[in-house]
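Letters A, B, C, D, E, F, G and H mark the chains as written, and numbering starts fresh at 1 in each.
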Amino acid sequence: MSFLPAFQSFRDELDDHNDRRERLIKASRDITNIAKKTIFLLHRVVLESENPFEDRSASRIKAAKQGREKLNQVQEMYASLRHELVGDRYWRYQRQVSPGLQEYIEALSFAHFLEHSTLITFQQVQDTLCDADGNPYFPLTISDYLLGASDLTGELMRFAISGFGKRGGRSNALDVCAFVRNCKADFERFTPYVRDLSKKQSVTAESLVKIEDAAYAAVVRSSEYDLSPDMLDDLVTTYLSN
Amino acid sequence: MDIQDLEKLNDMLDNESDLREKIRDKINDLDKKTRTMVGNLNKIHSTRPESIPALVGAIRPVLASCGETFGGLAELIPPHQFWRWKDMWCHSLRTAVFVAAMIEYLTNRGLLSLQATASTLGIKDEWQDRVALSAEDYLHGLIGLVNELSRLAVNTVTLGNFEEPLRISAFVKDLFAGFSMLNLKNDVLRRRFDSLKYDIKKIEEVVYDVSLRKLVPTGTSEAGQIAPM
Amino acid sequence: MSFLPAFQSFRDELDDHNDRRERLIKASRDITNIAKKTIFLLHRVVLESENPFEDRSASRIKAAKQGREKLNQVQEMYASLRHELVGDRYWRYQRQVSPGLQEYIEALSFAHFLEHSTLITFQQVQDTLCDADGNPYFPLTISDYLLGASDLTGELMRFAISGFGKRGGRSNALDVCAFVRNCKADFERFTPYVRDLSKKQSVTAESLVKIEDAAYAAVVRSSEYDLSPDMLDDLVTTYLSN
Amino acid sequence: MDIQDLEKLNDMLDNESDLREKIRDKINDLDKKTRTMVGNLNKIHSTRPESIPALVGAIRPVLASCGETFGGLAELIPPHQFWRWKDMWCHSLRTAVFVAAMIEYLTNRGLLSLQATASTLGIKDEWQDRVALSAEDYLHGLIGLVNELSRLAVNTVTLGNFEEPLRISAFVKDLFAGFSMLNLKNDVLRRRFDSLKYDIKKIEEVVYDVSLRKLVPTGTSEAGQIAPM
Amino acid sequence: MDIQDLEKLNDMLDNESDLREKIRDKINDLDKKTRTMVGNLNKIHSTRPESIPALVGAIRPVLASCGETFGGLAELIPPHQFWRWKDMWCHSLRTAVFVAAMIEYLTNRGLLSLQATASTLGIKDEWQDRVALSAEDYLHGLIGLVNELSRLAVNTVTLGNFEEPLRISAFVKDLFAGFSMLNLKNDVLRRRFDSLKYDIKKIEEVVYDVSLRKLVPTGTSEAGQIAPM
Amino acid sequence: MDIQDLEKLNDMLDNESDLREKIRDKINDLDKKTRTMVGNLNKIHSTRPESIPALVGAIRPVLASCGETFGGLAELIPPHQFWRWKDMWCHSLRTAVFVAAMIEYLTNRGLLSLQATASTLGIKDEWQDRVALSAEDYLHGLIGLVNELSRLAVNTVTLGNFEEPLRISAFVKDLFAGFSMLNLKNDVLRRRFDSLKYDIKKIEEVVYDVSLRKLVPTGTSEAGQIAPM
Amino acid sequence: MDIQDLEKLNDMLDNESDLREKIRDKINDLDKKTRTMVGNLNKIHSTRPESIPALVGAIRPVLASCGETFGGLAELIPPHQFWRWKDMWCHSLRTAVFVAAMIEYLTNRGLLSLQATASTLGIKDEWQDRVALSAEDYLHGLIGLVNELSRLAVNTVTLGNFEEPLRISAFVKDLFAGFSMLNLKNDVLRRRFDSLKYDIKKIEEVVYDVSLRKLVPTGTSEAGQIAPM
Amino acid sequence: MDIQDLEKLNDMLDNESDLREKIRDKINDLDKKTRTMVGNLNKIHSTRPESIPALVGAIRPVLASCGETFGGLAELIPPHQFWRWKDMWCHSLRTAVFVAAMIEYLTNRGLLSLQATASTLGIKDEWQDRVALSAEDYLHGLIGLVNELSRLAVNTVTLGNFEEPLRISAFVKDLFAGFSMLNLKNDVLRRRFDSLKYDIKKIEEVVYDVSLRKLVPTGTSEAGQIAPM
């Protein structure tokens, strides 16, 4: 059995590969869980706050900060996984890494939106996945960036709907509506290049319609009165807190 | 296959399928009760405040009788097999939770705690490993309650009662804050929690309508101060 | 926000549940991997041995022993998971536990078959999942037992085919054929009770046809000669080793 | 979306899709070569032993020319992106491995090692992070070899060559022992490994047929002692 | 295979496919009629109350002519084979039930009973084993009616008719209460019935809107007191 | 909704669901029998010719007892409702047809006609509008027979019986020629019929193997001359 | 195989695959244009009436440039092969039809006829056997228009334009009535047409909301009297 | 919607569905013929060489009559619409190609060229834009021929004819070499071509069996020297 030594080394190589694959799958599940919890945390903190719908308000910045802190855990995990993804390995294990990474990007972009009311850029995401010297743990792909960011629109829809009854919630719905509409338009040109982005765009379209319906309801309800929506909001609030 | 093993396995499977049959019977019982109660509760949307107590009063005995059925179930389920069988009755149980919580709301404008719900439904602590009220089922029941309250907010206004929506709004907001505390998976509960946001939005719109029309006499709008209808 | 304390406890409960679920999923993946490796080990050891096809031969018993040793790892894992599956919890997390458990049963029943040429019994499987005092770590279900044992037939098909050219391989094919045919017949009556068993039975039927074809080939090839198959085997072997 | 970001992303995607186009061109090149070689190799099933060297000789230059194509690929692929693009050419590469291994078998009745295969195909070590021969692709190529050898065992007998099946049998058994060492997932390689068992069975049947018909002159059957055909 | 047996089998297969063709023709007939009627009924959403009788009057003869088509069907279907073929026409039949029930509502604000529906559609009792109106098809038709009435509630308000929604609300709630008393299994019918609650919610919101704005004279919310439009 | 109408509808729905339950019980009965018979028939693949009659003899009483079950069904099914319920038992019925046809083949090497099958299964002509054997179900049963016979051809050779494949070949070809003359639509039956060609190919290869090796006396390849085993 | 025959076959296969590549290039061109136009058209949902003409004006040249691409296609497609290749571009074509029809609506509140659409897109009559606008593709484009108009009805209200929904309602109902008169088969087109009723319901609810709140001058609900925005 | 436009659209839709019906009739005609021919051709597997000419002679007139049906089709199809409708008959056409090619093989042991096949089937060059024999359909027919020849190789041996497999082997290898030179894309045709290797393997095994047993005179393995059976 002259071929055994060669095959012994193949076995070691295959076992090594399978073990690494398993480790990455497990890590990806953990990351997904942390990211999901972060998203819930962000919704919770911002809606409980004083001025959730004011651009760059202290409460939104505070929420974002709390979210970022939680996401530090994920960044540390990627730092410790660095050797598993060194050189070319990210590409080899992309299918195992992507699910968690995209969920992380979704959470990160939500925190970013709360703080800056803008879409986090590709570079800004990559910057969170670098060591102190600015060396990336692994190359961020456009696909992961876009698919993760695309999921943000679903969270924004929830944000718009559940904030609807709060003071400023009606105009927030209008703002979010514009933001999501722009996302959808901007992402459209990437659909031929990025697998599964079309499907995500359909989900975004559904979310957009829901936000549009909310914005419409806000306008229709207030249209019977000769006052601005914000003044009407104030009236109602005063009324209820009397 | 070993002959003795074959027979043992066969016996176990037969017992299991007998048991399943008996459980199904109990659940049919339970379903009849919840269907009756839901049918009656449906009338709240066209009932004036003064007649609500009578309506609720008629439902209470049926609700109380559920304990018997759960007791029957608890006798059937073998020790430690709560999670094995619970999927069979969780739909009916959630409906029962909804009914209990709605009756509590209609009576005291308050939230029936998990513990109190279990005791209203006659589910005993000592059955823990056979028949119990899980947090998940309780929460599903509460979401059902909010769904119905958003409808009620609309219909009480139609019936000329402009204060109830304010109470509903305060109650539901509190509940929403509670739900927001939870870290949900992408599962049924998450989807229903999302739908709950639309109910809240609807209720807010009703509050908005009646507030702006100044239909609420000044001073009575703090929910706590309003007497139950 | 008077309901918060209650919901805080719900949150803890849900988080607890999700974390446990994750742990069990990870453990199940690990167990699956060990079981799969054990199956490869068994094929390897037995086919390399002297008399792979002789009932209760030393080499088969040795192979089974090596397999069992590897499966001890799995038993230790279940022992350490015991508290996660205590009381009722096995039933709650059945969907997470079953895949690994069935793969374990497949491997265990293969080792058992090599040693005893019989199907491992339900009790024998349960016995491997008990502590020193004979208390089970969790209740073994008939469903896991039957679905795991059903997968054995696929491995036996591989065993029969790849042993075909070895001395005694032809009559081994006939023996395995009878064994698998009996398994299929015995399992049939359980199909109304056990979800997915019908699907497994179809796979067994396919394996059975493959073994039948091999047995047929053995008989047809030797039928031109007036000697018993074993004597023909001996002739060929002598011939080749001359 | 930030305008600069938009443009950057667009540029990256355009580059990527250009690159894909160029890679595809190289692979088309490679495919033409492998198709020619496979077409020629197919003739071994009806070629007498004495003409095999000429047949193999005609294929060798084509095989050698593959190095050029792989070199072109290696220039295209950016550093560290081997695993990103390799799926595009793995089918062609496996066919090339099969051809190289078959030619080695036909010449020396031996197994071409992974290292030797890479060097025959002109794949250089220094391209490791761009173009390389992975163990997986090498193993797929070997399975292709066994598939073809089981056919060859049948056809050499038809052509009156009764010794070749014995050599094939010895060679393939060794290879099978090697494959048995691997712990495979339920993936393509596993499925192909299963299929290999049928090839071995077929070869064994041929050996059985010719042995029993005593067609092998005594003393020559130890595979090592037989001169290459 | 026996030749006579073969011919018998072939005859059976041929007859079946001929018959299917003929039935399909009849159903095409029926479909043309239901399509015309549904197209016309669609106009109720933009028709003022005073013109409704004329609209309904135009539909009635088409409805009456359905009896002829059903008669044709009854001639085609062999005795005892109602259940074999009924799936082919149940969609069309349910649409016809919907039309008949809507016309009754528009005329008398009442519910057409199963018996009366069958007789309106010209389906005769003596065809029982060939062509009949099953409870299931009747109920499906009624659900279609509720779907359409929720749309009508919205559109009558647009046309300035604020009382019709109150009548619709009363009628639909009565119907819903009836449905609630049926023991529906977990099948298509049950799912469609469950979906009715969205229609009811919509109707309730319309009633809410007109009540809130005091667009109906007080006291009229008891629908019974309103004269037909 | 009218109370009487409601009750009538409810009665209809209740009866239906009771009836379904009872029919299911009967079918479970039937299934137990067919499962037993198929389990026993499975042994033909490892039974020597001389023991086949005993094996068949053990199955016959079970087969005969099916008539009782069908009789029970015939009592349950209301007049004219054969086509309403037949889908519930067609799978079991086809298995029973397969068993009857296989037993006939094993005994007389002949084909059981549709009429004879119905009578073997105890399905009476006078139940026509409630329980009957349709051409489709009969043909499905025969296809199951061919599937099993192709396996039997292989396994009888393994048992050393080289003549049976010739008989199977002649029988199956005759049956196939019959099927070819039917005007089958592009449906399940057609697809299953098309798949028969794989069975035939397999049988032909078995016949080839025994003929090539002269394992059957020359001249016997005309199957008609072989006495039943 | 005959060498000449082989070469002829190969030429045919090669030409086909070259042609496919070239057609795909043209369609990529077309897709870029439609994607740009749809992206721009998407802005109507947030654009005030006075800026719509500018928006439309920016799209028109792109639309006009489609003629060029279709011309390129017409040159590529061999005579008589319209039906061979049309599936490749029908998706893009339908999007282009949608754009053209939407621009016509935004400009004149009218429907672009099939003939006018073809001419707007620069598809010439003389290309009939190579590139043409089929009835099916035209109708698919119109359904896309209605889908988008229902969204527009909602969003114009958000922008404070309460009259546009009335115009949209009138236009869509007219279109729907037209569609209802077509004999559509049970295919994709029919299914998409059936889904239109959800769009209509949504538009009706918008009209309801603005009418109820008297946000449009009375009497304007007859859409014809409203001047284009 | 414009009335004239509507009518034009409706006419187009109606014509289309009429035409489809008529084409289907013609194809049913064609199917009856191909089914008869395939049924008869099936007998070659049990027919001795001397009776083959008579068998083929009986099929020829049916084959010739196909021209008539294709003529009918050519009259129906509007100019330039070959590619619109061809999918409807391509299955039947491929079967007809198979029959024509098999008859040629059985008569002359040669390959019928594409041109000759078209003329045998009576498909005229001047119908090019309506009814034609495409390269793809021709090649599919040839693959069907190889599938059947591998079965024939097995069955002729059973009938004691040991030389035919050698001829089949030579013919099929030649055909396979031709196919290998075609640039097939990764589509259905490529997949069916890839599957040919199983047929070739089977044929090789038959040749092996007869060679091993010296059932053919030595030297005959060069197929060219064998006279047609």
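What we mean here is this: a residue touches a chain if its C-beta (ideal position, glycine included) is under 8 Å from a C-beta of that chain, and two chains touch if they have at least 3 such contacts.
Treat the numbers as computed from the prediction; the structure is a model and nothing was measured.
Student: If you walk from chain to touching chain, how few steps can bring you from chain F to chain G?
Tutor: Steps on the shortest route: 2.
Student: By the touch criterion stated at the start, how many steps lie between chain C and chain E on the shortest route?
Tutor: Counted as steps through touching chains, the separation is 2.
Student: Find the chain most remote from chain G, comparing centres computed as mean CA coordinates.
Tutor: Of all the other chains, the one whose centre lies farthest from chain G is C.
Student: So which has more C-beta pairs touching, A-D or A-B?
Tutor: Higher contact count goes to A-D.
Student: Distance from the CA centroid of chain B to that of chain D, rounded to the nearest Å?
Tutor: Computed value for the inter-centroid distance: 66 Å.
Student: If you average the Cα atoms of chain B and of chain C to get two centres, how far apart are those centres in Å?
Tutor: 45
Student: For chain B versus chain G, what separation do you get between their C-alpha means, in angstrom?
Tutor: Measuring from centre to centre gives 49 Å for this pair.
Student: Residues of chain A touching 2+ other chains?
Tutor: In chain A, residues 18, 189, 224 touch at least two other chains, as defined above.
Student: So which stretches of chain G touch two or more other chains?
Tutor: Counting only residues that touch two or more other chains, chain G contributes 177, 181.
Student: Write out all the pairs of touching chains, ordered by chain label.
Tutor: Applying the touch rule to all chain pairs gives A-B, A-C, A-D, A-G, B-C, B-E, C-D, C-F, D-H, E-F, E-G, F-H, G-H.
Student: Residues of chain E touching chain B in their complex?
Tutor: Checking each residue of chain E against chain B gives 173, 177, 180-181, 201, 204-205, 207-208, 211-212, 221.
Student: Would you tell me which residues of chain A are touching chain G in their complex?
Tutor: 174, 177-178, 181, 184-185, 188-189, 192, 209, 212-213, 215-216, 218-220, 223-224
Student: Write out the stretch or stretches of chain A touching chain B in their complex.
Tutor: Counting only chain A, the residues touching chain B are 36-37, 40, 43-44, 47-48, 158, 161-162, 164-165, 214, 217, 221, 224-225, 232, 235-236, 239-240, 242.
Student: How about chain B: which of its residues touch chain C in the complex?
Tutor: The contact residues of chain B facing chain C are 1-2, 4-6, 8-10, 12-13, 16-17, 80-84, 111, 113-114, 129, 135-136, 139, 174-175, 177-179, 181-185.
Student: Over in the complex, which chain H residues touch chain F? Could you list them?
Tutor: Per the stated touch rule, the residues are 35, 39, 42, 45-46, 151, 154-155, 157-160, 206, 209-210, 213.
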